[in-house]
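Two complexes, one shared chain (chain A), two partners (chain B, chain C).
== the complex of A and B ==
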């Protein structure tokens, strides 16, 4: 939570009951988002033809899953008061690595091991990117925007150097299952997104790491004085965010059966930040509304789908997304500063 | 007796460059130019200089706008998209001539800046989110207006004169205009109360407000200025390259932020130097330019993709140096 803004007068009256409004505010926000989402679905049922088809659901789920997975990590980073601009570039790196690994001579000779390596190694590389970001932020005190800007600039370049800028197409049914398979009619990546959301929500609520995370974002100095391992918490958070981005990169590549380093994860950082903020995260830190983030990602996706399905040009959805962001941030009853 | 006045004079001459620690970036720039001159034959040729300055005039502009915004502790993520929108606007109006298209492009930027200022000062949104929204809106608008196509300019009007004509075939008009803007920004920052307020807001907004400084006015000014710079950069783009490009400008905002950081300005605001930012922007462009020449020598052959890797590595080095130089208090986000 942000510090009480006594200078502006707000919060002076309710010192004794400080924790109570915080809970109810988060819940009210969450409820508001649920209501908005329900209204949007109702509107679609009435307006959009074939909205209640399994195919519509599958299309939307497969489009929103990668955003949701990245946004989960972004929410954690934002909860520490930071931001991670490098997620899109990390997606490109892991997306470029996977086909290189299972497509190599060794990978073709050992399909099973190759597949395993093609999933594990890119995730490890992604995690290292996160460790790099986290080290810059926590040990060297570099501002998160600048620290993650480095990988934002060079990460995609690394992916392009790895692939020589070529589009890598492949056919590897076991790998593409990540992006095109279905379980109970829903795309696999949808299940992954839901599972990760639940796991992260549990971690934030029930583990010491979750407590540390919120206290670091709420008041870093106080947290440090209280003995919180601030540096470790931050590094872990950036590592988680990058690993999630790496996973999203794998899924993106699996969906298309092709890896284009220039395209994978392009502008993903913006989508993820937007989802987190619509879900109730505050850039000042101290809040990690995980379920809200999932709903935020779904909400933005559904608004875009509604517009496109009803004949509004693709480009105009940018403008609507901008309006949603402005409204969401305005409604945040926090100290409105970064 | 004789050394003291000399020392004083030197300092006075150096102050316009930013002075103090900001001088390092000028030294680095000079060293790189020297390296290029000694190593490559055509490095200081009229063609290379004019194309280098012409291309980088856009980055100098948006970096200076960004510098003022960052000095207030804010950030402007919308500059790239606004430049794209302004380039489309200017290209559409280019049949009416430079005297219409140029102000129209700048006006586009001013409107975007006014929206930013309204969101940040009026609705008190965090600058990061407000300008992110403006970025998306400007990108969407430019795609809608241009119907997703590059908009060709009218070659028969005088519109392309700004971007393509050069003084003595070496100095593009765009860099002259950009330098004028730089001088204006520097003057405002160093010599006017508005400029002092900009720095005070970045140092401590609450304290500046309580001291009775017109903090809102300073904030509105910097976002308008940054918007106008982005708009002008868009006009340069359309005029110099013959088309309004709705998809151009992606990542420009981050290039500008990097230039500002390389110029020694801290993102927390309250300090910084316009001239050093210019040097930072030129330094970034020069890294590209040198790499092209190095490829031309044939000793190494780095694909275009290496350039962004090297840019990132360069930024890392600068940041690490800054961490060593910066005061502990300033290092905290």
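== the complex of A and C ==
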């Protein structure tokens, strides 16, 4: 506890000085990311052959979209002070379910309904996974990392059992449109990612849920004492994250016209956490920079693409990604201290 | 007269020029249990830390067994035979009982490996001295806190400590566990070990201590045999008051003016909780401030927590607005019209990264939202109103609350609750740690709301705040409400008397 006098001193000083540094601080972080992205694009325009081709854009967008969608949910979970390791496994589950549904006898007999069910049912199953995670975390008090580890391990197992461990290939143009279709030249999943980003950003900013989310992550005890339904908020958040992962699983399967339970969503949890951290999320909770997350995902994607397109071996890109995360965490940390 | 084991005289210590100890002394005889008492900030912990080598003294002398010593580190202190058991246990809960007892002093075999058989034997012997038997190979953390505390004491004793320092050892123990602990302390004493005992629970001192040293404002103001003193004398010494005046005040007739108050809003009868609240009888009327007075640990905050649905109520009844209620969460309490401004602003109050606006409307959000969307225009209007009405000094309402001064943070939190227009506002040390200006402002804001019919339950360690602010004062001791004083007519002396006097004297119920 500080002495009253020093607190007053700081408070009075803050009256005149506070607004300027605060505004620029929020923006500096975001601006830094925008500038870095711009520089990276410029570098590519100069270095990488055919970078401005539509095909290049399409490739990058189709690769980054699933990461971005999962990272949005991850950012929300991280904002509660938690983490969700099960997103990759949930992708595998929903990815395995979809072909089973539209490829079933019923699905083939009712193509329209079958397609709808092949999208809605996997998403519902994914949401249930999130409800399970959230319940463990908020009612049983299990550490998020452990709680979500359960589905991280078992989820992919379930997906493999569903598909007998086989690669399922299929031909269903209506479904694969989700991964290969274009609207105005941009892949469908790119539009989905952008739309979801905007929706989630609005939810965080405008809704009571968003406000509760930040208060639970910022100081859970204080939030609970102010009447915030902490358990509900957490469960809803894990449910959203899993549903988004389920959607990403569908897109992944649609892109490949094949579902491989061992591969779909593999290591996705780490990519999503990386995107969130680079985007400005703090693992201690209380912040949900949604636009930052989208930019973070794009940034990591572009760095990888730049290196590969310029002949740097695949393995080296991991090292660079790691370096980016270290820098992001460092910036995060130095910001906390100021 | 025996030579003291420890004699500290004229100890001075300042931090950054601000004196924490001005003229402190402490004398402990061999084989005695010696109590150290004083209010928060009296300098008890600083004195102990100098004794255990955590801090260096600026001036003064320390004699250990008659010889001057200079203890430069906790290791030095352990070397001469001073062991400390802190309030928070410093053992390793995941390791076994044996491992914890021998930690750092493991017996070795010829080959340098740990001799577990010898270690077990030592652990068994240490524990048997206190008549406790444990499974030595179970994790320490699987035992109740009291047992863990006993193991810590056993460990200290096994290091042949001559002086054992116990800082608030009973604050997390229940009554039976406290008895066990006292038994162990008496056994240690019988073996010639001295104990320095720090506790806020004054009644305990009379059960187990031989001598007592009283500190106030960095000075030692008294040292006496426990048999020659009384709880009232101790409290008078801690607060720097004249005990005779306090005794006389106890006999003053108290006025029973009740004209200001409206209907009863909150009524607790025999309320108890799972957290040291044993029997609370309380009535708060609309338009009335009821003060809760008592020493630290007397159950003031626990009363508030039980009423606000934070702790599990284990007995008694609670009526709010004339109806029996069970409030099992803060949300229930808020819905019943109760608000609670907590004591610990940082831990239980502010959301540091959120703005003044977001902090102020946190509890109000359900009423500010339609279909889950926060009506930000209305929100800004309300917040602007409170910033003006409460005189909150902030650059603008979107400034993060952590950048505000303590007094202004407190006003924002007060605004958080006032925005709900509560029928009962519970205030736990509302003006602690805020500067004088903000303090007066906060008090006048509260007074204004009381005039408008709000009921207030005020917890404060400042007698002045209670006496000047409260219409009635309910006095708590050891988790029980023991008397009720009515204003006007309460004086500082009569309040201290009520706090200090044992509850079983004739005029307990006189005021009721």
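Points worth noting:
One rule holds in what follows: the second predicted complex is superposed on the first by the 308 of 338 C-alpha atoms of A that agree within 3 Å, B and C clash if a C-alpha of one lies under 4 Å from a C-alpha of the other, contacts with A are read in each partner's own complex, and residues count from 1 in each chain.
Here is the rule we go by: contacts are C-beta pairs under 8 Å (C-beta built on N, C-alpha and C of every residue); 3 or more make two chains touch, one makes a residue touch a chain.
On a predicted model such as this, the values are computed, not experimentally measured, just so you know.
By the touch criterion stated above, A:80 is placed in contact with neither chain B nor chain C.
In the overlay built on the shared chain, the residue A:148 is in contact with neither chain B nor chain C.
By the document's definition of touching, of the two partners only chain C reaches A:228; chain B does not. With both structures placed on the common chain, the touch criterion links A:306 to neither chain B nor chain C.
A count of residues in chain A touched by chain B and by chain C gives the higher number to B.
Once chain A of one complex is fitted onto chain A of the other, the partner contacts of A:219 are limited to chain C, with no touch recorded for chain B. Applying the stated contact rule after C-alpha superposition, one finds that A:189 touches neither chain B nor chain C. Looking at the shared chain after the overlay, A:66 reaches neither chain B nor chain C. Within chain A, the residues touched by chain B in the first complex and by chain C in the second are 7.
The part of chain A that touches chain B in the complex is made up of residues 7, 81-83, 85, 136-137, 140-147, 149-158, 160-161, 164-165, 267, 270, 273-274, 277, 283-284, 313-319, 321-323, 325-326, 329-330, 336-338. Here chain C touches chain A in the complex through residues 308, 310, 330-331, 334, 340, 342, 347-354, 358, 362-363, 365-366, 368-369, 372-374, 376, 393-396, 399-400, 403-408, 416, 433-438, going by the rule given at the top.
For chain B in complex with chain A, the residues that touch the partner chain are 75, 119, 123-130, 132-137, 139-141, 143-144, 148, 206, 250-251, 254, 257-258, 261, 267-268, 303-313, 315-316, 319-320, 323, 328, 331-333.
Residues of chain A touching chain C in their complex: 1-2, 4-5, 7-12, 14-16, 18-19, 22, 206-209, 211-212, 214-215, 218-219, 221-229, 286-287.
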